[in-house]
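Think of it as A, B, C, D and E in the order they're written, each chain with its own count starting at 1.
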Amino acid sequence: MPNIDRRDFIKLVGAGGVGVGAGVVLRESIKHPREHLIPHVLAPEDYSSGVATWYNSVCSMCSAGCGISVRTREGRAKKIEGNPSHAVNQGGLCAVGQAGLQVLYNPDRVTGPLLQAAGRGSNDFTQITWDDGLTRVASRLDVLRAAGRGNRVAVLTRGTSGHLAELLEAFGQGLGTDRLLHYDYDHPHALHVANQRFFGEQQLPYYDLANTRHLLSFGADYLAGWLSPVHHSLGFAQSRHGGDHRGHFVQIEPRMSPSGAAADEWIPARPGTEGILALGLAHHIVASGHYEGDDVDAWQEVLSAYTLARVAQETDVSESTLRQLAESFANTRPSLAIGGDGAANNSNGVDTLVAINALNYLAGNVGEMGGVIFNPDPGGATSHSRQANYQTLAQLAESARSGEIDVLILNDANPVFTMPVASGFKAALEQIPFIVSLSSFIDETSALADVVLPSHTYLESWGDAFPEQGVGFSIGAVSQPVVAPLYDTKATGDIVLDLARRVGKPMPWNSTEECIKDGWNKIYQESDSNTKTESFESFWTALLKAGVWGKKNHRMTETSRPNANTIASIGVDAPTFSGDAEVYPFVLQPYLSTMHDGRAANLPWIQELPDAMTSVVYGSWVEMNPKTAKDLGLTEGDLVDVESPEGAVRAPILVYPAIRPDVIAMPIGQGHTNYGRYASNRGTNPLEILSPVVDENSGNVASNATRVKIVATGKHVEIVKTSGKSRDLGRDIVQTTGGDDHTAQTNSIPITVIPT
Amino acid sequence: MDGELNQLKYTDIHNDVVRSIVETGPNYYIALITAFAFTLICFFFPWFYQLYYGIGAAGMNHPGVWGTYLASFIFWIGLSHSGTLLSCVLHITNSSWRKAMYRSAEAMTLFSLVVAAIMVMVHVGRPWFIHWAAPYPNQMEMWPNFRSPLLFDVMAITTYLTGSTIFIYMGSIPDFAAVRDRTQGWRNTMYSLMSLGWRGTDTEWHRLHWAYTFLAVLIIPLAVSVHSIVSWDFAMSIVPALHQTIFAPYFVVGAIYSGTAGIVTVMFVLRKFMDFGQYITELHFDNLGKLLLVLSLLWTYINIVEVFTGFYSGASGEIEALNYRLFGFYAPLYWEMIAFCAIAPLLCAFKSFRTSFVPMLVLSIAINIGMYTERFLIVATSLSRQYLPDAWGLYVPSAVEISILLGTFALFTTLFLLFVKVFPSVSMYEVKETMESPKKSTPAASEGSPA
Amino acid sequence: MTSFVVGLFGDPESALAAAGSIQTANLGTPELMSPVPMEGVEEVLGEKKSVIKRFSLFGAIFGGVSGFLLAAITAVLYAHPTGGRPIITFPPYLIITYELTILFGIVFTVIGFFVSARLPNGLWTAWWKQDENRPYVPEAAVDKFAVSVSCASNENVQQAETILRTAGAEEVRDLTEEN
Amino acid sequence: MNVSIQPALKSLRTAALIALVAVVGVFMGYFIDFLITDNPEVSAPEQPIAFSHKIHAGDNEIPCQYCHTEARRSPSAGVPSVNKCMGCHNEVATDSPLIRQVSEYWENKEPIPWVKVHDLPDFVHFTHKRHVQAGIACQTCHGPVETMDKIAVHSRDNDGPTLMASTTGEITNSETSEVGATQNDHWEMGLCLNCHKQHDVVDGKAVRVDDGGFDNGLDCWTCHK
Amino acid sequence: MSFLDRITEGWRKNRKPGYYEEFDYHWAMTIDLDQCSGCGACVTACQAENNLPIVGEDAFTKGREIKWLRLEHYWEGEYPDVKLNVIPMMCQHCDSAPCETVCPVSATYHNQDGLNTQIYNRCIGTRSCAVYCPYEVRYFNYNDHAWESPLDQQLNPDVSVREKGVMEKCTFCIQRIRQAKDNAKDDGRRRVRDGEVQPACVQTCPTKAMVFGDRNDPKSQVSQSLNDPRAYKVLDELNTHSSVVYLKKVEAEG
């Protein structure tokens, strides 16, 4: 040991001290901090911590009305899954349905009543109390109602079905207004009209994809956007591998949709000529004697003009293909023809769909398993009667301009986004002195509101749904709150009830729940006695548990005969397009993307979901045939202006192998200017530049009837997509096998009915 | 060299070398501080930022999950070869021209290895858990996975680092002793310790000789194994254009190649700035030049074989990957590499070129640039063109990565500068050995001894 | 008390010669100190044997065995099967074996060197009595060749000095009093 | 002249000594901190209400799961809700100051912010359910809670905690008393492994099988997912 | 049990390759490409179930998306005879997985259910597994991810949120498998019933194109589906012995 003098000693002590200090700090820094255990004040009955609880409800992301089961833990919604016992989706659920959670937990939700004092569109909202907000609205309504001028109040809601719709009806009556409009951009107006005209049916028929063996789809993207995608997907799968025989699917559309990709044949007919093609097939079927009805002569006469030769020439589909199509359609039993989206959104939309109905009729698919089956009257109200088409909204705008409307009540409808700029709808709304919005989000339309009375999301509130397209029998489901409301919001129904009370027209219910229960009580009373439970309460709890209700009231074998003048009225004119073909060489086809009509654009999961066909995320694009692109000297990512007679939007080119050279396609959904952090100022909205070409029969805008031209800007952007190279260079990654005889076991669950 | 060294006496060497350690002018310190500053700014700051933000600070993505960090790792490992390896080979074949330069060559090995080890830390996503790759008993009862090529690496590099450290240290014990006697104060203390009280007795010399030889024998296979193992990090995968049997020899040759070039660079620097002109002579550059020529031919050969077999295989994956390397996004780099590593070295065929210093310096630097490119291409091209075309992607280094890459060179320089200050950068006793021992000149000696 | 007589020579030959004559004069085996390894020492002073190679061999074997066992045992201690291969997989473990063989080979060689060369100087005095003081002349590290003789008695000292001088030593030192 | 390295060493001794002291200091510091913060007496955090498990579980022999009801049917043992406390305490010892605190919380309808003592990292998904149902005593991991006035992380003595058939709360030294005796007396992976290596579940109960190896919950995904 | 016994025991037990075949379960999945419509529901379901981060547009541009399950698109032919083939690609849980051998710290290995595990808290982020995986289904956390409140309330408490520097990939929804085993034990059953456990993607698939189950149980739906003449494995030539089997798409004539 060396002799340590004082200095050394101090050094030693110092070193030791520092060392110890360092040691303590070290361990404290790597130690886990203390957490807290916060117990309940009052233990809830319906869940225990660490154990998941499931609630059955209804998905309201689109109008298909799928049943959902929501997994909750510690009172928070964790996951949405399809309700296996619900006949519409049988456990399946689409991406948007999954993303419903992000509607509930969206950071951009309106957290309480707001007042936009600083002027419309300023986005400068101030928090107000519910009472304040309601009084502001009620006072105005009260004055108008008292003066008997309730008609100066307009209610514009997103498509609501079930008893909530009835509640709104009652509210409208109470106010004395008939300006109660449901608005969904993608509501199948043409289909309703066509079926009304040909079959005389109020309801949409049920298209039995599951049992058909030959599907002819005229532009209907039944797997992604059309009516009830999940149910169609189930049917598709069932038909492909459910039975002993593999169903054959043909898709006729100018731009390949997901359904087109899944189909066995994809036939790019000239846009708008689907109806002519259908009649061509009909002509062949009748001419070749496949149809033996006693009215065959009438048919022959009306169809005589549509010879295969002419049709081939007009539709740009080879005659042989047409003949072969007609043959297989007539010979394969059962077969089914459906039409929608691309085919319906033309100036001749309704005629086209009528033609398709005729085709079904002539091939004998009406009232057949695997064909067109008529739906019974649904248990609850559906909203088609009130659905506003383009013309209705135009009228609304007109009356707003001429100052006939004092108050507009908005509920989750966003027409400012989906109406073409040419319609001048936005400007018209601004004429209305007072606008109140019940939306949960500030979207383009709500941005015009003076007062925002935010409503619950569908996961927080009561409701019910009776799927419009149905499943061949009456079916409905109750949507119950699965979590306690996050924010200071109210259920739409409760707000309306409150308003009604304040304007002195109280309704028989105190809450939405009561209203719903009341409605279901009626259904319970009507339900046939043998399956009746002993009390409504037990029925109600059973209903909530099952999450679905159905009634064995199929109209399987029913068919209908068109009368002489119906037959005579059949005929499809060539489609009309806005703009001169010389100046505007391309037809623009805006199609529904995963974001639906744009309402899902504020959900990050949907923004990050690669597009089904192009795997693009975050943004919009212009789809163009490789040949066209080559001619125009454009490559992927080149920024172009898509100019229509009405205006222009700017988006990058995406070379798309499966689209007609004379057609340009753009996805709907992006291009929001004011819809939360995830959607705003991203991509472009093709609907803006649509020309107001209207299908006179349906009164709805023909969204595929706008011609455009492409103007290169010389700029280039990188399209954000997850795909590298979308060609497998002979690497057999996706392997295929020929032949039709595949007897794989079914993966589909047979449709179940919960008896009442 | 005899021609030149004969004029010198033992004392002169002694003085030169000791001077290089004891008396350093301000220039040295300026150089050191600059190098260190660069290291801080270009290497450590970006790295700390990356530690804070995550590997996202670099340009890597999916599928390009490996990038310049790994390339640098291989590069520095490669540079480390030839230092010790060359010196061992030459020691065993005892070729005398090695002796003037091997000390600094070995130092190069040592510091390249250190830098390489640090690059591993930079590369991994959670360096604060890197110790899990080392086998030590722990309460989790978890051990590293000895089947992993990466763990081979860990083992090999640890061994190699230990080996070359010991090798260079043992070789310089006598020189420490020599310096010890010429220094005072803390230096003296330091060198007394480092020289372990070496006296230079016949016994000590004898033992040293044997130990040194054994080390050399052990280290040669080690060095070969090290870079083979590094190559297996790639070759053991089934990625097209990486899954190659030829990779081990390819990497070893490449390593020695770049290492030799590195030595040329270092030689030049020593010669220029520490004026060791008399010891590091044209002869060395001449020999190194020949070596470079041979190696470059070997390297080119292996490259051709790789491309040939790749295309000959006819497998879509292989062909696509090679196509991409030769003509794809990174193609300019590829051809740059060919120009620097396959064509330029052919100049070494001419003695006049080999014996002229500056051109050799330029060539050596060019070669190492080329070799770095090679490593980068191996990582980047193969990863961006794999089996599933839909998952193909592109990898471009980020600013942070490039800065860190430059920083590694600064780091290496710093370490090397410290080395020349502490170590006799030319081995005195071996240089003395190469000279003729002094003849007896005194008349007293002429009477002869009774032996 | 032992004293050391050290003669400094300017060239190896005469130093060797001196060493030889010292030995023939039965003054014990002299120690040679030189700046470089000297040729022909063994002819004069006889063969030298070193134990280093045994150390290296042992180290290598030890390393190899422990290397394989490390890999194998740790693998079964907490089995994590990978890639459908067996837990004890020879090809990779042979590489570990190889590396550790070399590692321990190197380490033990160094130990062998220290032991046989009795370095570090000064840590061996405890059990190497005759090591207590070992003569050293700094010139020997530069350019002189020294022959040191350890003498037990004064006459030996005289004798040694004369021999060294006659052998042509440039200088002869007696290092006795320095310790 | 002598060139032994000893003088050099001598001159370095003080420096070396200082370095040594510093290093040792670091380890000591680490260890001291360990002792302080993980010593049952010291490390037990102050709870908002000085609840005593000794009185409840020990003296009055209330079974653990009377309050921690979730333990047998949920991954998390669960903390009793305030009204659970009130369930007894609007009858029992209503006048004691501590109970008044409880009732204050109850009246204000506020939860009691208990401080978490036994805490696992977020990447560990431990389930009480399986262990309780397998008949592992709570004390096996939590230590003799019924003897603690203040809950603390229990550092084990050598014979370790015990495994027993009942989960009611009283400790019976069964034949498997060395279970969980482990090299680390801390809540770390080794603790779990040690027990899992020695036990297997035979018709729903954990029994000692001395069969190390791969199955029986040694899969990492048992807890880390 | 003495140290030596454990060694010998372990040696005896784990000598031969693929011995996990003897264990209770060997999970596998089949995907019928003839039914898959490429709608992407599975992708979102996976994101919702497994706390996959919302990485943002910037990360997508850099190619740093994290999608345990992705849809690969392969076009075939030119207009008008053009086809789009879509194939869902997720971790194939290979029985001889290239990624497992390369991990230096055994963060990924093969567990007794024949699953290819990924232990986040063990991972040190060398990313070599991602290089070795021929399917490129391993995704790396290049930075910490944030869930803007209240989006974080949706996070699944049964799944760890991964920190920066960690590799992650499809786990066949291990939390669900464990839950199913848990329930089985509650019912006093030794085995999980077929169809009792479904990963999020399988559960939500609108076309029921995916089937998941135990391959060791010959009666399970997946075992039957594995015998389908159309069954094939992607990149089978690499001998990865993957547990995800695809059923060939049918090219109908005309």
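Quick note on the criterion: a residue touches a chain if its C-beta (ideal position, glycine included) is under 8 Å from a C-beta of that chain, and two chains touch if they have at least 3 such contacts.
Worth saying up front: this structure is predicted, and the values here are computed from it rather than measured.
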Identity of the chain that, by mean CA position, is farthest from chain B: A
Nearest-to-centre chain - CA centroid comparison: E
Farthest chain relative to chain D (centres taken as mean CA coordinates): C
Of B-E and A-B, whichever chain pair has more C-beta contact pairs: B-E
Intercentroid distance (Cα basis), chain D paired with chain A, Å: 53
Distance from chain D to chain C - Cα centre to Cα centre, in angstrom: 58
Chain A and chain C, separation of their C-alpha mean positions in angstrom: 89
Interface hub residues of chain D, defined as touching at least two other chains: 3-5, 9, 121, 193, 213-214
Residues of chain E engaged with two or more neighbouring chains: 6, 9-10, 13-14, 65, 72-74, 98, 101, 103, 106, 109, 122, 235
Residues of chain B engaged with two or more neighbouring chains: 141-145, 147-149, 151, 177, 180, 196-199, 387-391, 393
Chain-chain contacts as defined at top: A-B, A-D, A-E, B-C, B-D, B-E, C-D, C-E, D-E
In the complex with chain B, residue positions of chain A that touch it: 723-731, 733
Residues of chain C defined as touching chain E within the complex: 72-73, 75-77, 79-88
Touching residues (chain side chain D, partner chain A) in the complex: 10, 13-14, 17-19, 21-34, 37, 45, 69-70, 73-76, 78-84, 105-106, 109-116, 119, 121
Interface residues, chain C side, partner chain B - complex: 10-14, 16-18, 20-21, 24, 31-38, 41, 44-45, 48, 50, 52-53, 56, 60, 70-71, 74-75, 77-78, 80, 82-83, 85, 89, 92-93, 95-96, 98-100, 102-103, 105-107, 109-110, 112-113, 116-117, 119-122, 134, 136, 138, 140-143, 166-168, 170
Complex contact set, residues of chain B against chain A: 316-317, 320, 387-393
